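Comments concern the structure below.
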């Protein structure tokens, strides 16, 4: 009952060597796409954005995290089906993006990245086992949880310098985004999509949209809607200008939008309304968690997406005449 | 197994139009009373206290939150039985009290109140589904959780001014309550009951006691005991004077007392001792959470009641010869 | 399904009077040893270390907490089998060590100690019920959770003076351990073992190792390895000198090492690698939680051990050909 029964449900598949495809699918699964081409475009976007920012280490970190977490799945003998769908790697690739983004470039940072990326693979197995009775998935929360541990630890260890993390501070006054033109909004909107992988580049946002469109046009559409709606809400409600212009209100909303509108519900009018509500709630969770984590100087990562999506999936609200709602595994949906 | 089986257990009931009664029962269910008259007295107390404080917005917020969360239950097609017992509305009415209490009077505050009140209805469904295997209920935690999100977010959004929230601060020195007379204690004791709905008025406390007595004398008695015992413990242990005189040590203890002594255990000597222990623990949780949340400037709301009551229900300790202890649904008990 | 089925599984045992042995086993179970002699050596170590530090109150607190929590198990009629294995007392003995360590010597401190020690007994029953579906145990988390409540509350109540707690502070710069010799490392290593019971004395560490060896040589070996490995990692990564020299990076790692290498997996090469990984992760969780709790001035207690061990047990990774992995109850293993 509490073991991974999903592997048994599917027909046994020929476990031929497709390690590179599994890696690429791992990158694609960050946005729920079980598609190697999607992952390919995502990685291109990460490398482009990383080097464009003068921060190519992020891209190499992403690649290392992806490889380590995927290999860990083999080493631990986890259900092969998950690996074939890229579900071993999507947390690791995010770990790989986050470590060089927040920590200084030391040997210990890279070793900690390897440990953390590997850790996400079995933490995901554990978290999914916990959530199985309620038919929900841990999403990117293994990445969030494990990365939080190491980012917090970095403040207590000289070997992991937290040089790019914001200083711990009590929530205080801030400046809202001023008046800007349409081009600014366009850049912020695309950055909101790019920030899913912690990349601060609007060009990367275009690569990501193309990658999504290759796999699923609805996913590309809702990613675009998610970032745009979150941007509007953040602007209207007067959120901090630095965060709005960096796309930091967009990335969690993008994931919530894809999840609710295209993965766990079929795209239709009712699920569209549900997804828009989910985007709204994600924005408030994002703002709230920014404040909650300020005293320890921690980024929310994609936790707002996880929490919002759980809140909208757990009640098992139905919008069509399916027999059963099972929100546990997304790769069976296509 | 994880769906709401309670609706199926009860005989199907004629779902005639009783929307006003459902609203009033929703107010009553904040203190576990499935009774429209109780809810009526509670609302009278809220309006009286609100206008007495020169803060009538709180009362209108309560009414709005109650209506929105109840209507949401209809819109989502949640099990009608819950709605008939007022279980859709009790979180929403508290949201409606909390928003004007802590936030400034802007259009966005009212829209956020509507979103948050609606959110509690399906978050309650989700939380109850999570807790069903252990036969406990989410109590007012959907209100606490959802309101925390928006109150935290208010610090990051100029559209939701956190004007009545205390500033974020590290826990520091404070002044205990000085020596006061019997009349002061009487006022503080009644305010402890009124603060269940965040109302700082001793008259409201009397309305609430009357409302409870209309439905269940034991509940009125234990509400009185809960507030008095918590006041004594807080005074003896030298808690902060401002919080003691505002009744802020009472409201969670009131709810714990009603829950343990009258709802989930039959009133008898053993359950009385158990409830007194629960009141003690609630006071320490209240004090502890005040400190825990100080750095983010957040109120505990009724979280101490939820946590204490879970700690005392989860072990399934039995005090009489019932066959089975089921702590999941309180409205079946009468 | 969610009740404690373990009592039913074992053959009924003669419940003769063995209260002193149950107490001693309770002390031993802090390090997973169902052995009265182990507990005897542990208590000797606590008394020696307490008086050596000029802080004998800690030892008497330990004894009081042990007695109160064990007696509570009788009073509540909890499954007698748990009591016979010392599982009622191991949280209480830790509460008894923690209260005089952090709080001033007042009457209210001793009464709060009694309440908190008793509370851990039924909180453990509740937490174990929650975790039963995933076949894991709450370990020392009832001690951690209940003690946190009271330590936080102490900042809000003059009757419980938090005189030995560190002040709330935002995470800030610190000094790493300087260059020291082999004898220093030896002392820090032994203190890491002694700190399991919050004792800052290297002699106590020797008593604890002897106590473990009396029951299980593997446990003694892995306690030694756990503290040594954690010390190395903390030194190499440049952790705070005061914490390293006080053994504060060791105690959680000691418990993780015993749990993973000797209790929940059979000692072999693969489980040894797994345990070493667990020790690494425990050190990062320890460092991270030190930072996380700094703004509220709270000690991590043994939470890093609990979290790390859960993360390594939940995925149910198997290293030998057992039919089923059940991580819920450790006293059945010997």
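The first chain written gets the first letter, and so on, giving A, B and C; residue counts start at 1 in each chain.
Definition applied: a residue touches a chain if its C-beta (ideal position, glycine included) is under 8 Å from a C-beta of that chain, and two chains touch if they have at least 3 such contacts.
Computed from a predicted model, the values in this text were never measured in an experiment.
Note on chain B versus chain C: their Cα superposition corresponds to a rotation of 120 degrees, in steps of 5. Because chain A and chain B share one sequence, their contact can be compared position by position; here under half of the interface residue numbers appear on both sides. Note: centroid distance chain A to chain B, computed from Cα atoms, is 35 Å.
With touch defined as above, residues shared between interfaces to two or more other chains in chain A number as follows: 133, 170, 295.
Taken in their complex, chain A has these residues touching chain C: 2-3, 76-78, 108, 112, 115, 119, 122-123, 125-127, 129-130, 133, 148-153, 155-160, 167-170, 295-297. Of all the residues in chain C, the ones that touch chain A in their complex are 133-135, 170-172, 174, 176, 234, 236-240, 277, 280-281, 284-292, 294-295, 310-317.
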